[in-house]
Amino acid sequence: MFGEGIIQGLVETARNFFGSYVDKDRLVTVQYPEERHQLPEATRQFPFLLYDGADPEAGLRCVSCQICEKECPPQCIHIEKSKDKKPDFVGKLQFYPAVFNIDVSTCMSCQICVEVCPFDAIRMDNQFELSTSNRFAGLLYTKPELAKSNEYYRKIHPTEAAECDERRAKEAEEAKAKAAAAAAASAAKAAQAAATSPAGAANGASGNGTASTPVEQPAGKKPVTQ
Amino acid sequence: MRTTLPFLILAVLTLAGGVAAMTLRRLVHCALCLTVAFAGLAALYLNLGAEFAGLAQLLVYVGAIAILIVFAILLTRGGDDKAEPSFSPAGAAGVVLAAAVFAVLGWAIVTSGILHQAANPAAPPAPMRSIGLALMQRYVLPLEVIALMLTAAMIGAVILALREKRPQPEQDQRSAQ
Amino acid sequence: MTGVAELERRVEAGEDGLGDILEVSMGPHHPSTHGVFRMDVRLEGEKVVRLKPVFGYLHRNHEKIAEHGAYLAAIPYTDRLDYLNSMTNNWGYVLAVEKLAGIPVPERAEYIRVIVAELSRFQNHAGLVGFLLQDMGASGTPLMYAFREREKILDLFESLSGARMMCNYMRFGGLRVDCTPAWLEEVRQLVSGLPKFVDEFEALLRGNEILMARTQGVGVLPRELAINAGVTGPMLRASGVNYDIRKVDHYGVYDRFDFRVPLGDHGDVYDRYMMRILEMRESLKILQQAVRDIPGGPIIDPKTRLRGLRPKAGEAYGRIEAPKGELGFFLISDGSTIPCRYRVRPPSMINLTILEDMCLGHNIADVVVILGSVDIVLGEVDR
Amino acid sequence: MTALPTAEDLKAQIEAGVPGAQVTVIPNASPSAQHSLLLDHEHAPAVALFLRDHPDLRLDLCTLVTGVDWLDTETTEKIKVKKVVPGPVGAGIEQEVEETRKTKIPGYLEAVYHLFSMEKKHDPPAMPVVLRLRTANRIDQTHVPSLTPVWRSCEFQEREAFDLYGIVFDGHPDLRRILMWDGFEDYPMRKDYVPPADDSLASLPFASLQRASTKEAR
Amino acid sequence: MNPLAACLLVSALLFAIGLAGALTRRSAILVLAGIELMLNAANLNFIGFWRFGPHPEELTGIIFVIFAIAVAAAEAAVGLALILAIYRHARTSDVSEITEMKG
Amino acid sequence: MTLPAPTADQIWVWIKDWLVFHTPAPFQPLASILCIVAAIIVVFASLFALTVLLERKGLGRMQNRYGPNRVGPFGILQPIADAVKSLTKEDIVPRSADHVVHYLAPLVLVAASFLAYAVLPIGRNMTAVNLDAGVLFFFAIGSATELAVFMAGWSSRNKYSLLGAMRAIAQMVSYEIPLILSSIAVVMIAGTLSTSAIVDEQARYTHGIAHWFVFTPWGLAGFILFMIAATAETNRSPFDLPEGESEIIAGYFIEYSGFKFALFFLAEYIEMFAVSGLGITLFLGGWSSPVSFLAWIPSWIWFFGKLLALICCFIWVRGTLPRLRMDQLMNFAWKFMLPMTLFVILSAGVWRFLPATIAGSGALGAVVRWLVCAFIVLLPYVTLARALESGRKIEKREYRFAE
């Protein structure tokens, strides 16, 4: 009780004082607007909608199945299904969202929409500077604001995007093979048309009229590890 | 040697403080005005060249007694507004008595003739060293007596202000649960 | 000390002379109530003669929300209970669901759960000690040191789960994503550096005479009262009760690790403070072993239905040792996809039960310190 | 570590230890197998004390107290009754007709207590002893005895059950609202709770996004 | 005006103010304050006589004032402690209400 | 009258004399006073700005942060930004407050704080008023601040502010005693109450080393006690109970905002400089240099250098220590500080009357004197520390673990 504890504390703060000038481990502050933290790949902020190719309207992966809308814990997603259909990447005709809104002010960035989406259509963005002077309309993101290209996705989450692309390529391949087999069995004209559709993640063949069955939501495929 | 302007200003300040202290409604205001009076007196002492006395006055009266009074006011709930009857016969008698005392004193001063007498040449301000020496040599006995009395007063005040032991009330109910 | 009953009578009777009783409402906005929390305090001088905790300012009926959504949808909400420890909250909830639905968990997932939970415990305790000393007036220095290390742990959480605080990482049957070897290496490196931080932290204030004078003998919680009042966590162990759910329940894979449970003898604020520091060291020990022994394999049981889980009608109570105490979840299923009853046992709310008992007779400055040592997070108290 | 007696054993022990106590075992079909004991109101505090102080049980930690709301349920069963049916010619013919009969089971509120022993640390470890107290109905007879005198830890949680479910705990030292404000009228955790119309969310422009109940949408 | 006379007049006036206050006010604390003012008035006299008296080098006036201040401090401490004790007992500091000596 | 040639040491004196010299004769005394007052206000107000910046930067670095670095290069314009902010903020006065007293309190506080500088020798020939009873003046003026604090706390009509004011007054009154007693040792040895004379007494050199009182055992102990009491007197951490942010939020100035709040803030720092300045004057040789070969550095640089060093110590302590509790604070004042200062006075007395030479050896005499006086101070320190430990039941604890 002679004040040695106090002295020890003073020595400790002095060490930190001088240490902060020489030791990078001590002075850890990132001077935010000028310096920026390297965001980890896993970083998630708010959802966005993926589209393939160049046209956000045509390439939008979302088929308006409304699973995310149902599963969203804070109920911040609002979808209205389209009247008509357009073909998806494997050429199947699907609905698309006529309206797709996300209320970012309510969204709690939980990523559950991404997990439950069977179509790889919704993903998490890493943009966090979303402040706006309009607290209502400014934070209600509509389809044009939400749609981001697959290239962008590859840029912000490279590993995840590569996995996703691979999976989709495989699926497209299988679908193509299936379509080819079906076409070979039926008519040469249809097979020809199917062959024109580019492989990979690009937009499904336009004007493909083969698959006209109503939308079947693939039930089994569940993204376990994103 | 005439009465100087600073003296007059300080005298007015002191008297005003005193009057305010004795007449204001709120006790805390009274205490604050009393402090002004004390400080004014200290300044008067300084003005008259009694440096040590003035500073001692400031230290003791403003630093200690005023604080004591303020504490006493707060502890006796005097800080709250309490209406005091503005006029009472006893009060009027007090004022009359005080006025009479002043009349007597004033009459004595006026009739003594010093009013128009030429003043003695002002003394040089007392050097600190000589006050110290006086206290330690000529007045050492009174000094010791005063010291003893201060100690006694301090102990007495502490004993007075200590709370009487209240009978210990029953134990708290909650802990029994 | 004048008894409460006597003072109550005097206040009611208007005999509050001598400036005896001063009623102060500490909070809901007060620098040291750790959120919107209020204490109705009656003071005699500066001595507390009555103290009633008032809360609910942050109440958002978490349980009702969870009873409206699927089992999966409740997980992100548990993040927001004790928002400093989303990982352990997740774990408590998924443990209860796993019990309710009988879902097995792969071994690797259990190891990763231990790693993130212990990291969480470490940062919680470091932060708490910082806040406690801040409440004591230490100008934020210990708090800043604690936050410096906490940031490193949060960075790890972010690179694993995508978010720093609201991790939403665990799933019934396992985890959402696997960790990479690089991440484990980062954990290993961090864990090897953290003991130095704890040493520095202790050097800063452990032997400090002012700290000892402020905390020793203050807010004593007797052993029997602690047990009876259902106090759990470091607070209970500071009162000398050997009860750590990691040891008692053998949940997860805690059986496989060698660690000790620190116990205090006095049950005062100093003991509670030291419990946290000692537990930080034990957490580091567990972390070292977990990172060393982690097996390979899947991280989630492949048969688990995350979406549309329908447990058989019945109920289950699952609990874990969260940094603040026993965090339990009680679920009743009626066979549908939505929990019929969802209930959280919030440790910090129940630990508040004896706040008044600890504060009575102490100085108002002690109230702040005692409250700090309880370690409350209002998100969890109010839910 | 001593083994925790099964629910049936516990029932027998309680009935032996507390004369007159009526205990019903309520089985739990889920994999957790945490069966519970339904107590009668009159003997509940005595049973609680018995469980707390019994040398082999020492259930000193009452960890979780909560209310549960069970709505009125209707069971429909089809029974065959003989009835006179007007025949085509006017005369009644006695005929066997299938009729559905509805039996209404009145709902009730339930207070659930989860007990552990800090001293004994029973085996299996994570298995609580669950006590239940039921109110007579959901409307006016919502009283159950308070166990706060036995376990202090019930104090805030019983207040919470009172606050959110409206279960009145007789014998609770300080039964006030705890999470909702003092002037609040309703019990928000009840299944049939309807939020007041002047919900502040309704004024937000995007209230349309908020559906009234997720259940309906599902 | 002669400065000594001015001193004396100010002192007499202050004394009268203190006296009036001590006699008229009903708060015991203000009564004490009035007495303090009277003491101070006397001190001013001492200083005045020392300053303008025939033997300023003797310092008697100043020494007296210093002693008087010390006594006044003691008096204030004891007096206020008394007021506190009485207040605790009688629940008032109004001198007109404190009529009983018996405890 | 002619002016002496300006030297670096006397440059400010020269400038003042030059200014006064060029004013018309009847206004010369007034001009002189104005010069001094203006200089003190300008210098110490800018020191305040500098200190605030230093404090925030220093605390930041101690806490591994940058501190303010956004306004101007390295954040040096931060004090100006702070000043603009507090000047433009709304001045909120509680409706039930006593408006006059509420208004006066910060003014009285600032005025009293600034008055104390009148007797501080901030350089050779640079004492504003060379009072014979300078030290006494300092303490007499300092006691006025207590009243201002009370005025602020009482007039706000807030429970927290009243609690804060009561705390502050109790603390200031208690710590004034050790503050005065520890300076009495210096007054005893120097034989004067005049601050300039005390500095002159210390500005003598033997073997090139100054006769600072801090180099003696009683002086060192007295200096430490003086600085502890000064910390308490100026409500700095760890004695910042009157503000007690985490307990009573801001204490007596909780209801002040805008410029009045800034005045409280200013007064607090001004007081801190003043007390530190007195500490320098009494124990650290005022404006004198510690060794004779550095005496060419201007005296005012020495003074402000020492002042800055003390300020840094204040900041350092603030960045490290938690706050005491009220009863502990009082116990510390009466049970530790008061007896210790009495022993310091005793030690100073012994120092004064012990012979400087023993057996004809000056060196031996000096060593013996040093040791004896150190012993007189150390012995009660050890005893009191032990008593404090056993009385308060403070202990270092060991903990047990369950496997």
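Think of it as A, B, C, D, E and F in the order they're written, each chain with its own count starting at 1.
Convention: a residue touches a chain if its C-beta (ideal position, glycine included) is under 8 Å from a C-beta of that chain, and two chains touch if they have at least 3 such contacts.
If you're wondering where the values come from, they're calculated on a predicted model, not measured in any experiment.
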{"item": "Most remote chain, CA-based centroid, reference being chain F", "value": "D"}
{"item": "Chain separated most widely from chain B, comparing mean CA positions", "value": "A"}
{"item": "Chain-chain pair with the highest tally of contacting C-beta pairs", "value": "B-E"}
{"item": "Where chain B and chain C are represented by their mean Cα positions, the distance between them in whole Å", "value": "59"}
{"item": "Centre-of-Cα separation between chain F and chain C, whole angstrom", "value": "44"}
{"item": "Where chain A and chain C are represented by their mean Cα positions, the distance between them in whole Å", "value": "34"}
{"item": "Chain centre separation (chain A, chain F; CA means) in Å", "value": "62"}
{"item": "Chain F: positions in contact with at least two other chains", "value": "62-65, 319-321, 394"}
{"item": "Residues of chain D touching at least two other chains", "value": "152, 214, 218"}
{"item": "Chain C: positions in contact with at least two other chains", "value": "17-18, 69, 141, 145, 148, 204-205, 207-212, 225"}
{"item": "In the complex, chain C residues that touch chain D", "value": "55-56, 59, 61, 63-64, 68-69, 99-102, 225, 227-232, 241, 243, 248-251, 311-319, 326, 328, 330, 332-333, 337-338, 341, 343, 345, 349-350, 352-354, 382-383"}
{"item": "Complex contact set, residues of chain C against chain F", "value": "22, 24, 30-32, 46, 133-141, 144-145, 148, 204-205, 207-214, 216-217, 242, 244, 247, 260-266, 270-271, 274, 278, 363-368"}
{"item": "Complex contact set, residues of chain F against chain A", "value": "58, 61-66, 316-317, 319-321, 381-382, 385-386, 388-389, 394"}
{"item": "For the chain D and chain C complex, residues of the former touching the latter", "value": "28-32, 34, 36, 60-64, 66, 68-69, 112, 114, 118, 121, 125-126, 128, 130, 151-157, 164, 177-181, 188-189, 193, 213-215, 218"}
{"item": "Residue numbers on chain A that touch chain C, as the complex places them", "value": "1, 3-6, 8-9, 11-13, 16, 26, 28, 40-44, 67, 71-73, 108-112, 115-116, 124, 222, 224-226"}
